[in-house]
Amino acid sequence: MRPSGRSPDSLRPIRLEPGYARHAEGSCLACFGDTHVLCTATVEERVPSWMRGSGKGWITAEYGMLPRSTHTRTEREATRGRQSGRTQEIQRLIGRSLRAVTDLKALGEMQIRLDCDVLQADGGTRTAAITGSWIALQQAIARVRGSALPGRSALTDHVAAVSCGLVDGVAVLDLDYAEDSAAQADANFVLTGRGGIVEIQGTAETTPFSTDQFQALLGLAQHGITQLIAAQKEALGLGETP
Amino acid sequence: MRPSGRSPDSLRPIRLEPGYARHAEGSCLACFGDTHVLCTATVEERVPSWMRGSGKGWITAEYGMLPRSTHTRTEREATRGRQSGRTQEIQRLIGRSLRAVTDLKALGEMQIRLDCDVLQADGGTRTAAITGSWIALQQAIARVRGSALPGRSALTDHVAAVSCGLVDGVAVLDLDYAEDSAAQADANFVLTGRGGIVEIQGTAETTPFSTDQFQALLGLAQHGITQLIAAQKEALGLGETP
Amino acid sequence: MRPSGRSPDSLRPIRLEPGYARHAEGSCLACFGDTHVLCTATVEERVPSWMRGSGKGWITAEYGMLPRSTHTRTEREATRGRQSGRTQEIQRLIGRSLRAVTDLKALGEMQIRLDCDVLQADGGTRTAAITGSWIALQQAIARVRGSALPGRSALTDHVAAVSCGLVDGVAVLDLDYAEDSAAQADANFVLTGRGGIVEIQGTAETTPFSTDQFQALLGLAQHGITQLIAAQKEALGLGETP
Amino acid sequence: MRPSGRSPDSLRPIRLEPGYARHAEGSCLACFGDTHVLCTATVEERVPSWMRGSGKGWITAEYGMLPRSTHTRTEREATRGRQSGRTQEIQRLIGRSLRAVTDLKALGEMQIRLDCDVLQADGGTRTAAITGSWIALQQAIARVRGSALPGRSALTDHVAAVSCGLVDGVAVLDLDYAEDSAAQADANFVLTGRGGIVEIQGTAETTPFSTDQFQALLGLAQHGITQLIAAQKEALGLGETP
Amino acid sequence: MRPSGRSPDSLRPIRLEPGYARHAEGSCLACFGDTHVLCTATVEERVPSWMRGSGKGWITAEYGMLPRSTHTRTEREATRGRQSGRTQEIQRLIGRSLRAVTDLKALGEMQIRLDCDVLQADGGTRTAAITGSWIALQQAIARVRGSALPGRSALTDHVAAVSCGLVDGVAVLDLDYAEDSAAQADANFVLTGRGGIVEIQGTAETTPFSTDQFQALLGLAQHGITQLIAAQKEALGLGETP
Amino acid sequence: MRPSGRSPDSLRPIRLEPGYARHAEGSCLACFGDTHVLCTATVEERVPSWMRGSGKGWITAEYGMLPRSTHTRTEREATRGRQSGRTQEIQRLIGRSLRAVTDLKALGEMQIRLDCDVLQADGGTRTAAITGSWIALQQAIARVRGSALPGRSALTDHVAAVSCGLVDGVAVLDLDYAEDSAAQADANFVLTGRGGIVEIQGTAETTPFSTDQFQALLGLAQHGITQLIAAQKEALGLGETP
């Protein structure tokens, strides 16, 4: 029995609110239970200098946590003067994940910058950030490219992410903070609408895990991401994608 | 006629939501129209090193803006590696304002850290931050000191803030972004529940203003702050304060 | 009776030495009693990037203190690797104050950079810095524009600054360090030659102050600034300004 | 046919030189073909402050590249003033990987710091760093604990790492720089002597990969890591480990 | 003929004003012609952590230039966020030079911090800084140790510095900025009252110099430093030192 | 008798390995006994901005130490976020030394960047760095200019460096770490193939030294540098240079 009363293969209540931020070209408040992440997309005319003249666009991401989004206060990175290794790892992951479902050539020479800010944290902030960023990105591309149906525009597919882990020897889906702290191993999976693997990051926190255990986590992830992508479609009122 | 249709002496719709943040010892989402600031209070056992052993407490504040809280994206200060002069000015102002209504001796040797994060900006973020921080502070003191009625505890009075400015030669209350950009002069006033002045910051943006004009701004501020303090009381369900 | 033996409405001995720095386009050593601030003006061909092509000029300021200008040594900001919030607040104030009496259009596309370095500190360094910077600016504009009579050139008026405060319940003018440390409230006023208000910054250090008290401080400031502007005229050998 | 002439399941020539650095408590020059990484282990008496008094030890890692270890010069991070996100990601990975095979309780309250410096880079620097760090760590523990046989001391097992990737649709083992640049997807695997998974990091560079493709990569990694662990044993003259 | 009309072996007019700074434990304004450096000494109770409990004192130095001390403005190091290599080189040299004439054991466990700030620059700022710092140090030691006669206290001797250079093939003493810019080679010499060499830094700017040329520079330096040490004695009203 | 058993005028075993780094345009592993420094030369198309359009080239240097090149671990400068004063002093010295034997006009508008990284330290790292950098520079110039014979190309002469010091009152050549720590005074000499002096840096560590002692050090340096330059020629297979 999980602390939250969920069954091993259940997601937390998922809420995706597109258009949450008034000023951004695209936005989404992504809530996985008590984890709330505000994702915005900003369209910029300039690509990074090493891409100028390539005719291709770029997608990049930044990630931050409000100091008191966490149980005990986390020091503000602007005050410390630099971003932690964890922050950099996460924002690089978000950027890679969204670029994997974007046709940068079709996007054209512009940059879309995704900002993912954690308003409240209860485990799984990076997976909520990726899942919500896809909606913010979709809105931003629709605004600049007219249409943004996956597969018919610069956006080639959906992408979403979820964590899985081994807690007390049982493989469970979408860990909250209590489970995350107690897990022997956990893994983040980023998958596309067609089921392709974009990123897998599995880490044994205390004891190495076996190949079989890893397969179980992957199976749970595929199950969860199907639901997350359905939630993305519903939030945007999209029908079937080709 | 103001862009928002308000009369010169009208505040924007004010909304103060105490307890907005799940993990903090005190919190408030303060909305002045489309300006939304999340204020949290964190209680820390350690005071700054220069205060150790003094038996007195301390209150400090930090301020930040989400990158896309603004009309065009503002660079993330954690990425730049330092806080701007404007940020530092504002967080120093918030700290001073709240300390002015706290009996640091009665608080005892602990630090309360206020974090004010702008989720959406439409002018007046620092005044919303001060007004909301008072509620977050009240909650935090109530939690650690049992009672936090102003005048009966470490908290000696209410404090709230509002901006006024000269727009097209007319003195107006609580400027939004459109007015702020067009103002000849503007001033921020921080006043207490008993009408005392805690801080005045008046700046002529384009042309110096006269003593009479300044008096008009002060009068508007007193009018507005009476309403903001009433809103604080209502939000917390407080009756009359001594 | 004030520690210095001055009456409540007396300035400290004021000394303004134009042309103090050999290499700068304009300069002034501004002494308010034992507070000595060296102000220099540097003319630069390049305006900030966001102003290029606007045809307008810009004025900016930097402020610093020699480490042992203070009673106990202040850490060198170059060693700490960043400027304090106080430093940034002061240099932003100096820049705004001088821009308020400059016709940036008439100045033309160039930047004048004011450097205010405190050689010795005894309270009121920012007010001495503003008062002395006006002279440095006047000299620099005269050098590049031929004439710099206020009102007849890019310079539209004089500007000077002074502090006032409540010490033991009495409103006094031009606080020195001993008074500044003991004041219940203090305020810095930046006024023009014609009496216009450019900036007011009033802060209650310990107890909020009343509207009447604030009026008394403003009255003292108007009295003091008249004398500071007369000192500016005398230092530069200027007659009446229109 | 691979650029290097290797078959898909062949490692590059592996060379592990224990004791390479004269001053360190443990060291190894780890060469995977033309990738050369110098790994050193330093024993420090102090653990991080959050661990003091826990009775447990800690293992941490730092990673760097000589500026001209790369084909074109990489800017020196000491000159830039900060470590890149990639550097931080890698050094966090190295630390986690080695902690996973160390009994921190048995180690006792001390810190072992692993420094991995790339003298020459040709792909796979992080996998060579992990594989070589195990030897440096083994030597350092042997020096302070007398014995360091895996399974009989603070060291619970071997750990080694290798990369695999999809190049032109074929799964290949131990990518060099030429293959790494051309890969559709690649993954780094960190496995123990008993075959447990410590870390998996798989990334689709251009197109998402399938579950079957991922299984192929995992199979290659298991094959390669068996050989790397044999090389560790041979380098240290270790017999069978329990 | 030198630009200044001096003969090759003439110093510029030297002026040493002890006690120039009101707040410091020791101070001196050191003027070598138009080069003006304010040197202050601050006595601190704490030595650096690596010296605690050694019973010995320490002397350290910091150096800075006012932005407009130079012909064209030099960027403020506090704004850039770090000290240049040149600044660090100079402040290390000043510290070493003064430590060479101090008996750190006799000083006792305290730190004296020398701040050398260039108010106006015309070549030779580091030599003026060393020469003036000796006076500031002497005053500070006298204040804390009662007596500070060289040879009879923690101060074992005088120390002073001067530059020499080859300009148009001629060896000249005490270069000003015009000569410094045109010199083929220059050298800074730090010598004691008894003629001992504390530091020699010779650099060929354009063409290597010969041993004979170097001897000529050393001879000039010995000649100049005799006069600088006489000026130190006169400034402090010291008679002969043992 | 020296700790190493060398006579006072003996160098340590010298080894210069040109072409040590696979990717660089020029390189050398320079070993002075147990001091090992890897020097690489990188040719860059862009000169620093203040040189653009001058038609002249530039040579610059960077220096670093691997954290565990030293007896006890030295903190990584990339982690600290800045280079120490010592590092900056050394890299400025290397740059100046190599520029002194390069005809920057003949080099043409390009920059050569020398990276000197200490793999193992046992005293004299800066002198090994200069001596090895000359070889790396020679190779890089040969690659871009076809010929790089000293005196016939952009390279006007050899340059090499060595340290000398007073240990127990005896002048000795090429100090190792044990001697360096015990020396009363030491000096670094940078001389050219024709015997010209490029740089002299002499420092009294504990007691000032005399003119005669300094001459003895200079004599030893001339003796040692003759051998170092012979080693450079041999390493590159160069015959006599004009």
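When the chains are written out, they are named A, B, C, D, E and F in that same order, and each has its own residue count from 1.
We take it that a residue touches a chain if its C-beta (ideal position, glycine included) is under 8 Å from a C-beta of that chain, and two chains touch if they have at least 3 such contacts.
From a predicted model like this one, the values you see are computed outputs, not experimental measurements.
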Pair in A-D, A-B or D-F that repeats B-C, with over half of contact pairs matching by residue number: A-D
Superposition rotation for subunit D onto subunit E, Cα-based, multiple of 5°: 120
Most distant chain from subunit E, judged by the mean position of its C-alpha atoms: A
Distance from subunit E to subunit C - Cα centre to Cα centre, in angstrom: 34
Centre-to-centre distance between subunit D and subunit C (centres being mean Cα positions), rounded to whole Å: 60
Multi-partner residues of subunit F (each touching 2 or more other chains): 81-82
Round-the-ring chain order [start: subunit A; next: subunit B]: A, B, C, E, F, D
Contact footprint of subunit A on subunit B as seen in their complex: 21-24, 27, 34, 38, 40, 42, 44, 62, 64, 66-73, 76-83, 87, 113, 115, 117, 119-120
Contacting residues of subunit C [partner subunit B, same complex]: 82, 84-86, 88-89, 91-92, 96, 100, 157, 187, 191-192, 194-204, 207-211, 214, 218
